């Protein structure tokens, strides 16, 4: 039982037995199909983005992800192509037909993101940036809300409640690993969270095994595992050349590995009565 | 890459491609079959134990678990039936034919445990009790080594190395949840650990979702999920009357729920090319 | 040794042996005097604020703290008086002469906060809100940067580097407790951080034992302890009537307890060759 | 308020206002004097031990520490001189007159440790080794109980209750750092724990900044800080040649640094109305 259950109102399960289906540019998240969102951590160039987009679409991805505004621990790291990155995401959508999800790090980015994207991502570091949550709640786009890397499940649901109570109930929750003492993986993917979130909320839940592990070879294992946990979708970092990626290369899959991952997941998805 | 990889010698994967199969009273752990070990947290009475043993066997469990020596946080809690509990485990084995795994908390328990059980369990709190590890390494029984609730994967493998370097390589590793900041579950089940352990070690790996969640309704979800992560088996607490259990009632399944869990897992096991 | 030490440039210690002194409305933070910043968690009314301000000044506080924009876990909690709160802070400064520090949660708050306050606080939840850090770096006010409750010391210094690299080097660091498995206190106050921060940075470091413990009776003990750790100042929540506080009542001191705390700290401050 | 407060009986504070004084070979722990226990992590040779013992005594240490049985993460690390180490501790006591504290890792070590030492240390990894706690509770020696590196304060007090309820109330509690996400220090020294332990228990509390930081240069800072937190004593690793130490060299002080540390602490001890 969550302590703050009385404040988890609009996103709380209540007496709804079904998961709410959130439409993302025509793709239903929370329905029978496992929805895979894939693409590079950061948009780096038109060629990198479009070739990745074409490849992930061919392998079965339904939504394109890619960062134009990148939250980076050091101010001296590559911070994203900003508006140019958004423009390239629009271009990749035009070529592939895939809807686009991309991160907004600040209330001032929202108009721009809304102009180009089909879904606003709110990142782990901003999960408790309450003004951003409220402003995202005032947009017309669905929101992909990532769990703070040290946020409890209760805090996560209350962050979603901020968005919903501002007027936008098109929210997809994303478990992406939490910070623990373990050092052999970048984060500890908390798959307990998937059924716990579903018990307390009617929102769809997806899993990001790329950040949840930090290790490319571990991503396919945990993608498959997340599907068995009941995830409604996956968020996967794919890069045509991980060794030269400007961020998160260590956890990015090459397109051919991504394709093999998609094939490996299928039997487990079917065993869960899910499709794609 | 683990820092201490050069000290993970006998239990390290080396160039072995197969998982080592550990025989537990005739039951092969680490082979094609998912081996389910089930039974009560603590042995409480002959009736409780035998009825549970019969029920879990019927549902498909292959090994009976039950505690005679119970590590309890408070000295004023029920601490187990001690030798009488071991005797009852022997009786339940005679009735059902199931091999028995039970915990030894101290070097002085080992002779007694070896006289009655088919497998020695070393619990989470004792994972770094090095004299116990070494003495278990000098017995003729297989050892079920549970991960310390705050131990890294590296420390876990080095604890297994203690047993192996004392002469006993019949070791099964068990992920059982780690201590984190999250409070809605008793522990955070670390399923990243399953493929990571398998990458670095040739030993079989099982998962304990009862301690890994602390919530009975969550156990079947995470049992199924663990199988998708590649677990070779499961350790499940089952009690005929959880509300009157002398320990861990909140995380124990009734026999009929256990049976339903076993049925639910089957499709995922088959999708993983595993049987039982 | 920190991994990212080469990116900790402007806030890094380099060859400076002295702590940088940051002037906050005429009060020097980082010099010989221990600077105590005290006041209510949230500004609630003129009477509450002014009476608290007068009391903390009399007891030796040199800067008034008080929240007008309050980050709250639930959207249904009291969120602060917003601009009216800022106006009241200005009024309390006029009455007492104490400079004022208050939190900005979003880039859009900065102009308003700058219009009323002497120091901008960036809270724990926003420590990695990089656009806020950069905009704060473009203001003319000193910044009180609180450590993220799950941020490493390295991430904390890199967040300060964001501010400095945007043009503002008037930064005071504040340790305020980290999230751990311990539940008897709200957070675990990490006093290792004080000398570690001072080894790697020339910035002044203060400690917030109110959030670092969450328990009013523990605050004076840890305030005294923080001074012995080498803190240049303290941030203390004081409320005239904690039982009716709209937030954080459990960790707020009454004015008379605050005064006693100030007296108790004095001998330790003198033992450290510090004054006030 | 601790949940299990009703089980913290013999070690609970109850209506006692004074800290219990535990006599360790004639040295009172828990009285007005801050008692410093110092010496090498591991006993390595007679020369190393005796020269260190003489040096720490001259600098003001009142009890000699040194490990004969060493718990080591890897089975291939140096594990201590065992009985020969105990014999050397006896020799160092004969030369210096300092009482000796040393670790027992297993019930089978207790007789031997009791034959040579003045105080039994139960280490962090064994804090929940309940059979060891009970057997230590049946000896005639005082017990130094170190907090498990991932144990809550409540679990720590319940571990002490195990010893007391077995008949031995001569217990000294030792905070030695907890495992958190922070990586710039080996552990996070939890100084909140000192006043919290004293609120709930009448037992003396000491602090081990050597393990609590893992960094020799940080030890004197945190030793001083621990005294301000109200610690009744300190446990400090000192080695004549840290670079060649067989264990924990990185956190060991040379004798001359230890002496300087003792001088630096004195003013804070006096400010706390403590002496040595």
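The chains carry the letters A, B, C and D, assigned in the order they are written, with residues numbered from 1 in each.
Here is the rule we use: contacts are C-beta pairs under 8 Å (C-beta built on N, C-alpha and C of every residue); 3 or more make two chains touch, one makes a residue touch a chain.
These numbers were taken from a predicted model, which means no experiment stands behind them.
Hopping across touching chains, the smallest step count from chain B to chain D is 1. Averaging C-alpha coordinates per chain and comparing to chain B, the farthest chain turns out to be C. We define each chain's centre as the mean of its Cα atoms; on that basis chain A and chain C are separated by 34 Å.
Between chain A and chain B, the centres computed from C-alpha atoms are 34 Å apart.
Centre-to-centre separation of chain A and chain D, using mean CA positions: 48 Å.
For chain D, residues that reach two or more other chains under the stated contact definition are 150, 179-181, 183.
Within the complex formed with chain D, the chain B residues making contact are 4, 7, 9, 71-76, 79, 105-109, 125-126, 128-132, 134, 149-150, 155, 158, 161-162, 165-166, 179. For chain C in complex with chain B, the touching residues are 150, 179-181, 183.
Within the complex formed with chain C, the residues of chain D that make contact are 2, 150, 152-154, 178, 180-185, 188-192, 194-196, 199, 212-213, 217-218, 221-222, 224-225, 227-230, 267-268, 270-272.
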